[in-house]
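These are the structures, in structure tokens.
Across the two complexes that follow, chain A remains constant while its partner is chain B and subsequently chain C.
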Partner chain A sequence: MLWSFISRTRGRNRFDLTDWLTWGYLIFGMLLMFGPVLWVAMSSFKTDAALSEYPPSFLPLATQTAMVKGYDKPLPLYEITAGEHKGSVLAQIRRIGLNAQMVDPAHPDEKINVKIGDRQPKRELTFAWDNYSKLFKRFNFMRYFWNSVFITVVATVITVLFNSMAAFALAKYKFRGRMVVFLLIIATLMIPPTINLVPIYLVVNELGLVNTPWAVIWPAVATPTGVFLLRQYMLTIPDDLLDAARMDHASEWRVYWRIVLPLAAPAIAVLVIFSVMWRWNEFLWPLIVLNRSEQFTLQLALNAFQGDLQTSWSGLLAMTILTLLPITIVFAILQKNITAGIAQSGVK
Partner chain B sequence: MAVVELDKLVKDYGDMRAIHGVDLTIEDGEFCVFVGPSGCGKSTLLRMIAGLEEISSGELRIDGTCVNEQRAAERGLAMVFQTYALYPHMTVRENLGFGLENIKTPKDEIRRRVDEAARMLQIGDYLDRRPKQLSGGQRQRVAIGRAVVREPKVFLFDEPLSNLDAELRVVMRGEISSLHRRLGNTMIYVTHDQVEAMTMADKIVVLKAGLIQQVGSPLDLYNRPANQFVAGFIGSPRMNFMAMSVTKVESDGIVVADTNGRSFTAAVSPDGVAPGDAVTIGVRPEHLEIGSERGHPVTVETIEQLGGESYLYCKDADGHPITVHKSGQTKIKAGDAAQVFLPEESIHVFKKDGTALTRLRIGEEA
Partner chain C sequence: MLKPLNTAAQLGYRTAFGLFELPMATAQKLIGIKRIAWMFLLPNLLIFGLFTFLPIILNFFYATSGGDAILLAHRPYVGTENFASLLSCTDYLDPNTCRRDVFWRAVYNTGWFVVLQVGFMVAFSLLTALILNRDIPWRGFFRSVFFYPVLLSPVVVALIWKWILQRYGLFNAGLEDVGLSSVDWLTDANWAFFWIIFVSIWAHMGFYTLILLAGLQAIPADVYEAAEMDGASRWRVFSKITMPLLMPTMIVVLVLSLIRAVQAFDEIFVLTGGGPGSATTLILQYIYETGFASRPQLFGLAAAASILMAVVLLVLTLLQLRVTRGQAEN
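For the complex of A and B:
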């Protein structure tokens, strides 16, 4: 059923030119979109050594090592491709110029000299899981994760509540100046957020919110996009329904809560996705108002990986993947509503 | 139970006055129909009674209490909307129970009343469906059911049948009438369809441009329309009108003549007219007799044969369109010349300002 839907072709029973073009275009798009993400995902399983390797490999390959008697550290294994030892697997002790001093793990006493061109590292697929476990052990990942989740969830709930109430009033009540208020709200879209940084910081600072999650939440909850999106959708809800509810003894709050809100669900789903994405990915504002590391969101913690002199790429990549996961899940759950919501409210 | 009194009700939208001071009393248990062409203010008036539109001035009393300041919910009325306005995200049961839930009725009481209403309206089988899964007639029943469960003092209907097909409309008309007989509540019903008004009403209120034209029982309005508007609005097909001038005034009737000098006698009270006055006479299609022996010469233009009855659309020498109703079938063909006879007791006479002269003999009673 699903397969017959996906594999529909324009040509009957066989591939038509447009089918080739369509498939080609879609596959190209998929590679373009997914390629980098997949690369990051693969790289997050590489060891630091494998990450700095050139040329880079797509799969997380690592050189095999072996403990050889008489040596303290594990030695990397090489396969010999030419010369008298061709075919055998030897461990490298050290490199000297164009030659490598090697040893057969079976006979640790005998040192062998091999040209570096005659050997290939013996590699296998290894997932460096400790990139991830390190995050939890050495790094307070759960703390940052919780900070991000708290800010995202609370800000989204308040955003939906505030924006839908404003949208309800603007869409369904007739009052003097309704259009002016609406236009003012929309007009704020034209102000670049960077201009607001300083004044908002002053307000937040004055309220004593700096270095609390509320410093990120409160300035973000009133969004003109959200009000506009919900208002446009609510305009399509027939007034008769509201009047019917009023005749049914419903207070204005009940009308909003039991009738308008459930019926605006598709638009609300869109706003939820937007808000979750905004808050989860937000970087600049949290960077300004959250200075203590125990208040950091995931995005700030990611930034902390990048030191002035040294960057821990393995940790950074692993954390990037963990940061991507929740938003991907939210998107997957709500994606069905997005198209409907966007199509019906006419907002992108 | 509930007497609804409208005392000089006015509705202004900015500078525009939609309702011009309406006075009306609707008695307890009465089925009152507001009828009029679209834009006449009938729906606005209903919404003012419901509490969905503010009253600009005047007073609305229910059982003697002024309810101007009460919100829609507090007035104890229930309304059925033209669009049904069923909550699409709730099941039929939730739709019916929503109003009771809002006034904190106990759960089993809601259940009992919903079940009872569902049985009465035969929607018991759909209680768990959503409105989208119902047909037009079923939705209509649910909308009525939602009003019934609340046991309101007054039912308000806002053109509830206009979205149904002709056949279903007749059925639902009967059901609403029988509902009224069973419950005995006061009902106010808005429609633009005069057939609905005639068949269901105890009292019809004819409105035009925010003013009451006439209030009365269906037959009152049919037999004694107060003015030319009501005469034309009530009755289908509409009354035939012809411009005439008065030639003779007597105590038991007046004589009028058209421009060709053909004269007609009308049995109306001659108060307020004098010879020479321009008047309009009106005769209902069903009171005209068509034949070839006597009367007003006309040309037949179109004929509608319905089998049981026939409508002949004619034109007279002055160009007045004249519709004639004839029961049974007719042998007359389009293009034929014929003569229509206007019985003197069924002629209505309207003065220049549109008001009617009192008829002295009513055709039906004679």
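For the complex of A and C:
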């Protein structure tokens, strides 16, 4: 059943070489694209001890330990694979050269010598949830998360509002200077903000916005992409609908928000997806204008942690996973809309 | 469950927009229906003016002034000195002979990066798009597989690969497993350069695959059927039908990826920090470090460097316009 489904080919019945190559490529691609993320997800559940193990294991395994009477610290448990104690589980006290001094947890008084080659650490699947919980306790994770959410949501709302207003004016009115304004906006598509970093910083600085979320929000809300996308869509809304509302003495503002905006919902959805993606992932500009750690977005906090030698990989990996989780969930739900939107508009 | 939420959302929407009803209606009475369009354009144009048009002009003032003050009034005019300093080299092929040697290293690194990253990425995107265009089951799923990394933030992408490529990471363990020796991937200059290209292809190829796939699906099926009737070989169909018809999409992909590659920064900055030394420092990182990360902040030099980068981007964009126009005429 499954095989006939997989081997379905266009008009041909034979499963030939190109089909083998296709499936080989697809499976290799899947491993290459998902594998690294999965590996980091698994690693994020490992304890610090398991993280420093080499070669690493895929699953988060940890050596079991036991409290033995007469010893202060928990001792690691080993399974004996050869010799006279084969099959029993012993706790290790210390290593002396090629031998290990071990003890049976049931008889703590009797010390046993075992060759180190004759024992295997007893390991089991342990999820170190602690990696995640300590993010909330020690790393102020919620602060960064909130900063990112605030910037993303507010910037997206303003972007949609401003861009749709401009798009409405450009699509539904004939006034002198319309073409000039439209061309001016389109021309800025060719001027990426990266070439104006210094003067934009001056403007933001003069407005007193440095080290506030508004320094990240304002400079990029007037996206030419958004205006263009919405204008093209609004051109398809028939003018008769607008004129009918005007007959009923609706003001132009009312025409905009009661008729045009709801009808442009599909295009607005695309813009919302883009805006959320841009803002959640933005890095260089926040790096320049947000210097105080309490203002950091998630991306900045992640970057700061990885540069800080004090932080361990365990916290960093857990934070990486928490940062990619919201986008992953949104993608899993909306993947059709996202890929279709991008394929149609050709922007990212 | 959803109904009250929906009602609340509608109420919020009506209140928010209703608030502007009176001022906008008054404005309409005062300036007339013809000019109300400008009211709608105002917020957007204000932001554009403040954060796009004004900075373009200011950039030239910064590029022609010196010192480390951010306020233009406190900056002495130096003419073309910033440009002269950036461009002064005894031998342009050897960055060590240049006054701003890091700038020239960054220029050469960016050049190599752009050529290799764009070249390989477009090739792999095309291959992937061609495969996804075949009649395979779960096509939507596989399309998402290749697209997924595009959504990840650059910092996350860099950290994922940093974890895999570290000295005691998965990749080295795999190599030792098959009997090879492990390598410090990100501290060896050549390997670090290889990995920044690899990682940025990994992170972005899904986007271009998607655009190329859309281009492939726009090719009408009857063209292929006609070719099949004539008994054309697969290679002939690809080179005589698919490629020419895909060319407009291909140009868009090439130009978009070129423009993006010239401005590459985020993943590389987190992955290697531009190192070892300045082996993976690209031009945008040089601008960031000169203007913002190091003291004194040489805003003039950073602005001059970004104007030089803008010239390159402008040439690329004009090239695109020319090619697309040439195609439209054919």
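Quick notes
Following the convention adopted for this analysis, the second predicted complex is superposed on the first by the 284 of 348 C-alpha atoms of A that agree within 3 Å, B and C clash if a C-alpha of one lies under 4 Å from a C-alpha of the other, contacts with A are read in each partner's own complex, and residues count from 1 in each chain.
Please note the rule applied: a residue touches a chain if its C-beta (ideal position, glycine included) is under 8 Å from a C-beta of that chain, and two chains touch if they have at least 3 such contacts.
This is a predicted model, so every value here is computed, not measured.
Applying the stated contact rule after C-alpha superposition, one finds that A:D243 touches chain B and leaves chain C untouched.
Using the contact criterion defined above for the overlaid structures, shared-chain residue A:R254 touches chain B and also reaches chain C.
Looking at the superposition, the partner that touches the larger set of chain A residues, chain B or chain C, turns out to be C. In the superposition on chain A, A:A171 contacts neither chain B nor chain C.
Of the two partner chains placed by the overlay, neither chain B nor chain C lies in contact with A:I268.
When the two structures are aligned on the shared chain, A:I195 is found in touch with chain C, with no touch to chain B.
Applying the stated contact rule after C-alpha superposition, one finds that A:I80 touches neither chain B nor chain C.
In the superposition on chain A, the residues of chain A contacting both chain B and chain C are 251, 254. Looking at the complex, you find that chain A touches chain B at residues 238, 240-241, 243-251, 254, 258-259, 262-263. Within the complex formed with chain A, the chain B residues making contact are 47, 50-52, 71-73, 77-79, 81-83, 85-89, 98-99, 102-103, 146, 150.
Those residues of chain A whose C-beta lies close enough to touch chain C in the complex are 5-6, 8-10, 22, 25-26, 29-30, 32-34, 36-37, 39-40, 43, 52, 54-56, 161-163, 165-166, 168-170, 173, 175, 178, 181, 184-185, 188, 190-203, 205, 218-222, 227, 251-254, 256-257, 277, 280-281, 283-284, 287-288, 299, 302-303, 306-307, 313, 316-317, 320, 323-324, 327-328, 331, 335-336, 338-339, 342-344, 346, 348. Of all residues in chain C, only 17, 20-21, 24-25, 28, 33-38, 40-41, 43-45, 47-48, 50-59, 61-62, 70-72, 127-128, 131, 134-137, 140, 142-156, 159-164, 168-170, 173, 176-177, 202, 206-207, 210-211, 213-214, 252, 256, 259, 263, 265-266, 269-270, 273, 284, 287-288, 291-292, 299, 302-303, 306-307, 309-310, 313-314, 317 touch chain A in the complex they form.
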